[in-house]
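Think of it as A, B, C and D in the order they're written, each chain with its own count starting at 1.
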Amino acid sequence: MLAEIKGLNEECGIFGVWNHPQAAEITYYGLHSLQHRGQEGAGIVATDGKVLRGHRNLGLLADVFKHGELEGLPGSGAIGHVRYATAGGKSLGNVQPFLFHFQDSSLALAHNGNLINAKTLRKELESEGAIFQTSSDTEVLAHLMKRSRTGDFMQDLKVALRKVKGGFAYMLLTENAMIAALDPNGFRPLSIGRIGDSYVIASETCAFETVGAEFVRDVEPGELIVVDDDGLHIDSFTKDIKHSICSMEYIYFARPDSDIAGINVHSARKRSGKQLAREAFVDADVVTGVPDSSISAAIGYAEEAGLPYELGLIKNRYVARTFIQPSQELREQGVRMKLSAVRGVVEGKRVVMIDDSIVRGTTSKRIVNLLREAGALEVHVRIASPPLAFPCFYGIDIQTRNELIAANYSVDEICRIIGADSLQYLSEDGLIDAIGRPYPDEPYGGLCMAYFNGDYPTPLYDYEAEYLASLEAQKNGL
Amino acid sequence: MLAEIKGLNEECGIFGVWNHPQAAEITYYGLHSLQHRGQEGAGIVATDGKVLRGHRNLGLLADVFKHGELEGLPGSGAIGHVRYATAGGKSLGNVQPFLFHFQDSSLALAHNGNLINAKTLRKELESEGAIFQTSSDTEVLAHLMKRSRTGDFMQDLKVALRKVKGGFAYMLLTENAMIAALDPNGFRPLSIGRIGDSYVIASETCAFETVGAEFVRDVEPGELIVVDDDGLHIDSFTKDIKHSICSMEYIYFARPDSDIAGINVHSARKRSGKQLAREAFVDADVVTGVPDSSISAAIGYAEEAGLPYELGLIKNRYVARTFIQPSQELREQGVRMKLSAVRGVVEGKRVVMIDDSIVRGTTSKRIVNLLREAGALEVHVRIASPPLAFPCFYGIDIQTRNELIAANYSVDEICRIIGADSLQYLSEDGLIDAIGRPYPDEPYGGLCMAYFNGDYPTPLYDYEAEYLASLEAQKNGL
Amino acid sequence: MLAEIKGLNEECGIFGVWNHPQAAEITYYGLHSLQHRGQEGAGIVATDGKVLRGHRNLGLLADVFKHGELEGLPGSGAIGHVRYATAGGKSLGNVQPFLFHFQDSSLALAHNGNLINAKTLRKELESEGAIFQTSSDTEVLAHLMKRSRTGDFMQDLKVALRKVKGGFAYMLLTENAMIAALDPNGFRPLSIGRIGDSYVIASETCAFETVGAEFVRDVEPGELIVVDDDGLHIDSFTKDIKHSICSMEYIYFARPDSDIAGINVHSARKRSGKQLAREAFVDADVVTGVPDSSISAAIGYAEEAGLPYELGLIKNRYVARTFIQPSQELREQGVRMKLSAVRGVVEGKRVVMIDDSIVRGTTSKRIVNLLREAGALEVHVRIASPPLAFPCFYGIDIQTRNELIAANYSVDEICRIIGADSLQYLSEDGLIDAIGRPYPDEPYGGLCMAYFNGDYPTPLYDYEAEYLASLEAQKNGL
Amino acid sequence: MLAEIKGLNEECGIFGVWNHPQAAEITYYGLHSLQHRGQEGAGIVATDGKVLRGHRNLGLLADVFKHGELEGLPGSGAIGHVRYATAGGKSLGNVQPFLFHFQDSSLALAHNGNLINAKTLRKELESEGAIFQTSSDTEVLAHLMKRSRTGDFMQDLKVALRKVKGGFAYMLLTENAMIAALDPNGFRPLSIGRIGDSYVIASETCAFETVGAEFVRDVEPGELIVVDDDGLHIDSFTKDIKHSICSMEYIYFARPDSDIAGINVHSARKRSGKQLAREAFVDADVVTGVPDSSISAAIGYAEEAGLPYELGLIKNRYVARTFIQPSQELREQGVRMKLSAVRGVVEGKRVVMIDDSIVRGTTSKRIVNLLREAGALEVHVRIASPPLAFPCFYGIDIQTRNELIAANYSVDEICRIIGADSLQYLSEDGLIDAIGRPYPDEPYGGLCMAYFNGDYPTPLYDYEAEYLASLEAQKNGL
């Protein structure tokens, strides 16, 4: 399942609100509903129209703000961020929003996504004398703005936005406006909501339910949204756009109660499960899903297949950051913490196990084994997405094919490796149809399917050379 | 749902292991899988055959042991405890296991359940000069043992066990044995497992999966289990027993992957949902359950009713102890943290909402309201147990009928109070049959159904007078 | 210096206040000025006339109460305690005040000193069925009271106080009174002060300056002081008394700004230094003292000897509990943290180094070495008390002579061991006179000089056998 | 006393070591001995020749590194910093050393002192597109270096060092060198020591005693010291130098065991006290000093005046950051925490109270009052430096004369304000002579006496206009 690569990806959650007397509190609750997008760090910056004040730290949102820090963030505008750790990036310095103080103004900046030309841009900027304080690519945008120097903030920002490439949903905060911008492909979701006269912007619509906001519209690719005391302004920094919504948002990342491009995530997953049952039915006694992200697909599979859906796998709800991992010795003795198979449900049964995806295969193998140890007679694995064979450069830090089992082995081989009785994946078209083709006239219905077919919607810039080399290497069997 | 009374009940989890080189670690992982039974405090005592060493504190298990405390607990025997806060009892002093040091020996003691004659016993003991260090009833057992003074530890323990009344699953640890005892009614579950030559004893069998143990047998009412270096010994302190397994363990408390009296909890819940569909079918578009405890019943209802099961309600997984609760003002604006209705699933739909129980009705009202605000056309509430109208004295701290809505209002009235379109409960017989009559020849199939019918399987001792007065008062309409 | 045995002794500080609207706060500030008497744990219990509430923990006072715990201790009466760790006793359970809840009342108890018949009493009590929760001897008093059962609290207390032997200054708190008691020898200081209509009782008078109280009188040996809403009552539990004030309180323990038996501690120390100059003059260039406890004596020595007093040794003020100790390797390279010699002061000089005492000799050796490395030509050590050759059983946990260098070596030998050019001690009479004979008609002027001459003012009870054996062993050269 | 302005000044401590296998540990111990120069934050950066790694946080050194952070800083080169909070600067972002990551190298930077043209430089840099991450002036140096772009690190650094004005002792660390630089006036002390083949550089020589290093030489004004694997290199960035050692380092800041320009600080202070006795003798019974910084002067005064030196004021050693300050109400009742007068010493006595300086006068008034309340008959205040009447711009954040009592009142008026019986200050020449004229041929013997006479050794740049305006305003009685 995709949870295997947690800690490697760069998914994050962003949230902002303007014109609300308790802007920082609202942001706190909004971020709370986005915590599934990032558990390694959290931060909020707020403005009272004069000063920008911020607090951020490593850890869960609730821990970062447990000592009354919210009280130190007065004002009616705020933005916030929750983040995953990226490789080598578990440092406080990289926790967002970043807060830049200039001579006569300040700027806060939060970013969800991954730039693909950041190294080149950074190199250029540094050779011109810029000093970067973080190892985060996010900082590039601020330096680009400062170099533009048209004398007009919005103009500088547009110039900068046209220079950065890849996946980005940005939120910015100044003393007098909250600003959002989405990359020309709209890889990452970003939506606008309203609480009375206040506007909120969030990575997922589930945040709107949490703060009592109603949905207004999605931010479209290439748009630059400005919310200030005059209200909401929709501008754009480019018209050269194409919808390429990350299909993994539907499959794994987003919360089931969110809608992306008007499509409910749980429903899309359930339809994927139904389609999978049509494409890959197997006669069995029970259907079970790997919690939490594969539950919806498992329900759909069971419903379509006419098989009973059961809780055959249970996830421990109390796995905290401070939890002591069992030693290798204890693990070999069978001590396991996160997932349990339910003997009373699977013993003596033929089990269909639904998962969202297979990354390295190690987790799938472990779960198949768990089910067998709990007495399952047969374990048939069904994956509610096509084989994951290509890296992502727009926000998930899988940047070589080496770590992807589906890039290196056939379905039959994977089946043997994970020890299943049978293995089948959902087809590409099946997935696109099940999600529901949000933009039917665009390629893949407006989805980015590069994970599955290597068809990247943009040039790869900094990553191009290494990626091509890896393809070549693989071709040559290295 | 029963989660409403979290914080009021005295449910706990206990675990012990003997003859394992990493006894404290095994206990840690075992307790981890019992964390759902108690999140307010945790502790472990271990012995190396010479000394008993313990550590305990308020908080989640992972937090209590996050600074390397396990390393200070060497030895091959250990017991541990996770506990709920009881009213007024949120003090470190009450976190178990208790550790008593005597002149020439030590004793650790952990308790799941509630004694019903503790006040009387404590009064007697104090009048004889005993000093209690805690406000916990658990301490009574140790004082009773010291007063017995037959000169024989096991004899003293049996004398003490015969004096305490109510619900109790005890675990004790001395320098040379691990001991478990279960009350004559077996209100609380307690099971024995084995890892090679090591024995483990746990409140729920889910702990066995977690530590790689295999199930051996349940502890029976009135039994006294001793595990020492000679192995497992089964003794008893009374033969006057009757099975009265708390039905709430099946309905709400236990983890779905546990078996109680050989019956899997998830399966019992799913059967309850199916039975509920037969007794209380309603035509609707979707079935949804209140997470987490009502999910199994909702799956069963949907399957039996032939209606689609959907994730209509989502629980936030990151509600930490340090979380800042929204102010009254923000709550009124619609800020909500723990539960979200999924608009994409319920909007424009007739919804069947399955819950495990209704205690005060306030939570049910809130959830019905959530669903309506998310666009549900109709909300039909179905409860997978009979009306909860009588207090419990064996481990859940509801001790007056005043707080129970079903003790004070008819089903129709409750339906109006919670704002549902219709409300129906499962019948008593329906519940007993669905659970599966673990002891078919005993009353109620060996279950305690007192919550629902007031038929308490024991005298009420300390609680008798007040309980009768409350019944009388209610009769008189006070 | 005596600081060498920090961590081994049982010195503590106690404080109480009655009839003050902010009793817990006053206790906090009072204890703060007694922090030098114990840094390992702190606690406060307060009463509002109905309930006793307490908080205690390991650590410095400021840390123990840093999360607003004082706000949870309302009421106009309070007692508190700061404690040193005793061997094996670094456990939260032993941090005082202890709080005992009985059926219809509560009792808080704090203790400064050491009982010498506690083991015997505890054995008796346990054999009668008493359960001790701590390894602290303090608990004995409460059990003795409960066994007395005259039905009268004060009577029970007096009976219990007559049974315990050794050094004790007790403070007790009930819902309606604050009580203090001092052992029949008055080993530990205890004084009464007043803030308007409120009474305070404290281990040292320096606490009175801190809380704005004026000195009323000392508590006398054998007295039982009761402060309730009717005011101050002076009673006694025995008339069989003799003053034996611990001479170490003057020499080392007490703060220089405290008065004990009407004698200022700094002044007593300065007079000791002067007397030492008269008894043991040496021609030198500078006089320096080991901070902090030997500063006053060094000033006196310099003044009397007509030599310049200099800061030749500097103590780092920021040695925190969390400080990382240098590794053996770094220590050998000369890394040193607590004390520095001042090269600019001692280089090329003949130095008189004044210390309060020599316990094991290791610290003295290290300091002499420090001074030499900083360029001192000669180091003459002068000790402002006689050779410390006998253990203490009344509050300092030196219970064998083995660890005392002066019990095992002559002054000349010690001089060679510590590497000094010369070494001289103050005489017994010199010390007694310098302190000022608080009770001139009693032996040793009312002081306990047992450290120096083995003349214990009481039988030794539990310690007698072992002590005599150790004397015998030493005599036989073992 | 000068402690009054703690929290306002910018004094810091810096330390570095090169070619030591435990560089970070040595830095930790070195910084520990400099903790008196800054208690608000601490940090260390170390290099293993390839990477620079750092850790820094708010708080005392021991707290910042209490969780094993030192282990994450391997390598044989390291620099560290302890800092005071400056107004508005209590933010983690400002804690040093700063660590800058460039494309192909890294740079760590730590600073003691205050730049006086930082605002101007920062404005210029920002208008050229530079982004500052902190509000600290220290960052200016790095940006200046990056703008220089001669392609040669040392050349860039020299260019930058020539642009910054004011007081600065810098330490820099790269992958292959440790670098130190001192401003052309040498306002702040900086010395070089040696441990075998390792070089250490520290703000004060007391750090050398702590880490077992021997003194090599002071860093001279305008020098640029480079320590790399070839050893120690002494270069300079300017020859236009003049010694202006901050006289306050001798009077207040430095530790008594440090030598500055070869003069021991304790001895300088003691001589100041002696000189003060000659200039301002008063017949009295006791002499006492305000701890800790005035102790040496008090000893000198007493010795010269032939009066007894006593501990008349005691400072509580346990004033922690987490300490709860007494409420206004309790303060008015006389609750006081930091300083106590010793009744037993001052009661009925004529007291000479020696202090290092008077800033606002409020603390002096409070101490005089303390002594009187403790029974002093007369309190004669003697200040071991001249009236402090002019702001400092080189490292102490007093930037207007308004807050300085001596800038606004005559000595007689100040005497009345603080309630003393008499008040006298040391003369300017008396101070210079007592310190000992480190550079006898330079103005004021090489000392900066601007505090006392307004004779600033450099132009004031950014501060000029406001300073002149304040002089003017004062002249006009505003």
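Throughout what follows, contacts are C-beta pairs under 8 Å (C-beta built on N, C-alpha and C of every residue); 3 or more make two chains touch, one makes a residue touch a chain.
Chain-to-protein mapping (UniProt): A, B, C, D = Amidophosphoribosyltransferase.
This one's a predicted model, so the numbers in the text were calculated from it and none came from an experiment.
The set of chains touching chain B and also touching chain C is empty. Over half of the residue-numbered contact pairs at B-C are shared with one candidate from A-B, A-D or C-D, namely A-D.
Averaged Cα coordinates give chain B a centre that lies 62 Å from the centre of chain D. Annotation: 37 Å between the Cα-based centres of chain C and chain D. Centre-to-centre separation of chain A and chain D, using mean CA positions: 49 Å.
Contact residues on chain D toward chain A in their complex (touch as defined above): 92, 100-103, 122-123, 126-133, 135, 139, 142-143, 146-147, 149. Partner chain D is touched in their complex by these residues of chain C: 22, 25-26, 28-29, 32-33, 35-36, 39, 60-63, 65-66, 70, 195, 206, 209-213, 255-257, 259, 263-267, 270, 292, 295-296, 299, 303, 308-311, 314, 316-324, 326-327, 329-330, 333-337, 340-345, 374.
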